[in-house]
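Chain lettering (A, B and C) follows the sequence in which the chains are written, and residue indices restart at 1 in each chain.
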Amino acid sequence: MSADPTIASPDRPVAPIRSGRRAVAATILVVVVGWSISGLGVSLDRLLGAPGDAWDIFRRMVPPAFAEAAERGVVGKVLESVHIAWIGTLIGATLSLPLAFLAAENVAPAAVRIPIRQLFNVIRAVPELILAVILIPITGLGPWAGALAIGIHSVGTLGKWATETIEGVDTGPLEAVAATGGRWVSGMRWGVVPQILPVVTSQWLFRFEINVRASAVLGMIGAGGVGSELVSQLVFRNFPAVGAVLLMTIAVVLSIDTVSAAVRRRIIRGAATSSGVDSDEDRNAAVLADLTGLGH
Amino acid sequence: MSSERQLKPSGSPSLSADRGTEADDHDTTDARAVIRFDDVSVTYRGGVQALRNVDLRVDDGEFVVVVGLSGAGKSTLLRALNGLVPATSGSITIDGTEVVGAGAAELRVIRSQIGMIFQTFNLVHRTSVLNNVLMGRLSAVPAWRSTLGLWPSAEREAALQALERVGIVEKAYVRASNLSGGQQQRVGIARALAQEPAVMLADEPVAALDPVTSRQVMGDLLRINREMGITTLVNLHFLDLAREFGRRLVGLRDGEVVFDGDISDVTDDTFQEIYGRAITDDDLLTVDAEPAG
Amino acid sequence: MNVPPVGATTSRPSRPRRGLRLWAVAGALTAYTLFAGRKVGFDVSSFWSVWSNPLWGKFWPIPWDWVLDRHNVLDPLVETLQIAVISTLIGCTLALPLAFAMSPLTSPNRVTLVVSRSVMNVVRAVPDLFWAKLLVTAVGVGAFAGSWALSVFSLGVMVKLFSETIDGADPRPLEAARAAGGRHAPVVRTGVLPTVLPEYVAYGLYVFELNIRASVVLGLVGAGGIGRVVESQRQYFRFDRVLGVLVLVFVVVFVIEQVSVAIRRRLV
């Protein structure tokens, strides 16, 4: 009896040759990485020195100059970033949902569906910053440019997520509506919307969390919000002030993240229990709690 | 219960539910055939032929049980009837109205006359039982009203009555997902009843239910058929249930009708012929039940 | 039969009132929206003026000879790709142990769990470009700073996505490995890693895509890559060149995305 697994013996199956493909993939990876490293001309000492340089800057941020920042109205600027993100997300949500219906495989015909999906892809490919760069000459500097940039970009992401959600619905209720003689609209209203509402709302909230960061960044090119503060203080190398701006931004972002995550969890959990089935997730969560002793 | 309906677009005769309230066993000389399948074949995209040259006549007020293995074509038979699955060839008529090739608007009218009950209930989980039943009234109100949830009180009344008929009106405002399986199926039945249909189709209505509840639901369907005279077709997986509740049995095998007759003519051999194999315990709802004589 | 006959006397329930809390929340959100809208300068009419602004003319026609020139655009684009590769590599490599440390399923002990989660929360709370700007100030302008900034960004994204995967992984193989008496790292390696590895690679490809897009904007803050070109052209008001560059970038991203999706589909 041969010990070589690639030769079949009467009762043993042949070991599949899978390792070949993996070796190819690994080689490609190594080549690409090597090319990248050489291309960037990174020398070893520079590589190792970088974290040290960065650390130096962070050291100089302590203690952060909060009083000075408060005087300059940094808090208001941070809040402005939140407002921008909120309005932008709303714009994105409002525009993306109807479009998502038109882009869903189980709902819309191909002639409509494909262009809209491509539209989503195109929009998603353009980062908010670039959008803002394009919009600023036209709308002028200020928060509105930021809100528009965020809104338009969000249409792409939210649209894609919503489309996937719509495509994943249980078609049972849709069939039931059709069987009673209901129209397409009724099918959407009763068969699709109730199922997607919790997930889509949670997607909007998640996008809002991301957009708060995006709007902070947009400030850096003058589209409103706290980014401009960061840039100006860095230019003056006023590191304690930079530290203050950073910490305030972090604080606001974290709070919004926490609240939003809690709300999202609540929404999803409400939806899960209403499906009437003991979900795999719940069961896994229970096992997890037992296993790790870290029950919630 | 109201009875006259006009089918709008064509000049075809109205789908009248001229029902006697007496549960007379087929006085077939006078009864019209409500449902007719004439040489119907259905081939799905991908080449699978689900129905082959099916001929079937169902009279007004009959209670028909359809049995067959999975994939024999039971589901396709029902769904071809209300156009959810388009027939590839042949003719399907309900009271003279042709289903095959009907336009979208016509199909909606036809479907509003046919109530359907599903194996997986197909309720909207996140809303109340009443809203689910109201979906049966979708074809009776303009789309904007139903979309906004502004149902006229007459429709609410009809829905509540349907719930009373299946005996769970006290759950009217309960979220649908909070009900048990048997209760959810009753809501499904109420939704179908709310349509005030001429025909009732049940696609394996009890496959997801326990034996006791299954008998209850089958009993409901039979009672509705007798009291209201609604022509009923039920797909069943469990043969003892078929024998217990069926009046007329249709057996499908590989898309063809291999048996069509009165339930009293059915023996164990009949089932074996329909299935093409010996009957196993999986085909029976309750294994210790004595097969009916 | 237990079904009550028609006309049974089960009384009809009364119609419940709509949740008051829902209305309150909706009201608060609407109020905030109006407030924020005013603060932001929301202007529906500006939608129209944006559309009809004559400045759009400056974006056209695209000077393709300039755009397709090696020195102007293609070299920086290559640099962008290289930055993306390195950042993805660094970020995702660091993310693997970190994600395991962050998940209650695979964390060695409670302290590691809490510390890693807190650190990641803070790191992710800082917008990515803030990192880039800070690093540019620290280590100087150029692709180097860009790589580090994107590494941090990749780390953040990867950790977030991947730890969610770990959380959702089937805990039973892990249980089996523990029951067989393994130490922590081997237990994780055999009990969880094989399950989540395909998703890890898929996410890695996704992060790579993100990095290419992100490095475009990195250049706007001086961190190298194609964004440098965009920013300089923007400052010269050569919007036509800007558009040309963006179109080219979009094409490249699109191609890479298609390849990546194809690979990912074969993985998961």
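In this text, a contact is a pair of C-beta atoms (placed from the backbone, for glycine too) under 8 Å apart; a residue touches a chain by one contact, two chains touch by 3 or more.
Everything quoted here is computed from the prediction, not taken from an experiment.
Chains that touch both subunit A and subunit B: C. Two chain pairs, A-C and B-C, are weighed by contacting C-beta pairs, with A-C ahead. Nearest to the overall CA centre, using the mean of each chain's CA atoms, is chain A.
Seen from the Cα centre of subunit B, the chain whose own Cα centre is farthest off is C. Subunit C has its Cα centroid 49 Å from the Cα centroid of subunit B.
Chain centres here are Cα averages; for subunit A and subunit C they lie 5 Å apart.
For subunit A, no residue reaches two or more other chains under the stated contact definition.
Residue ranges on subunit C touching subunit A, taken from their complex, read 32-33, 35-37, 39-43, 46, 50, 53, 55-56, 58-59, 78-79, 81-83, 85-86, 89, 104-105, 107, 110, 113, 121-122, 125-130, 133-135, 137-139, 143-144, 147-148, 167-168, 170-172, 174-175, 213-214, 216-217, 220-221, 230, 234, 239, 242, 246, 250, 253-254, 257.
Contact residues on subunit A toward subunit C in their complex (touch as defined above): 32-33, 35-37, 39-40, 42, 46, 50, 53-54, 56-57, 80, 82-84, 86-87, 90, 121-122, 125-127, 129-130, 133-135, 137-139, 142-144, 146-148, 213-214, 216-217, 220-221, 224, 227, 230-231, 234, 237, 242, 246, 249-250, 253-254, 257, 281, 284, 287-288, 291-292, 294.
Of all residues in subunit C, those touching subunit B in their complex are 1-4, 6-8, 10-13, 15-16. Those residues of subunit B whose C-beta lies close enough to touch subunit A in the complex are 82, 84, 107-116, 118, 120-127, 131, 135-136, 138-139, 143, 146-147, 175-179, 184, 188, 191-192, 195. Interface of subunit A with subunit B (complex): residues 172-173, 175-183, 185-186, 189-191, 194-195, 197-198, 271, 273-276.
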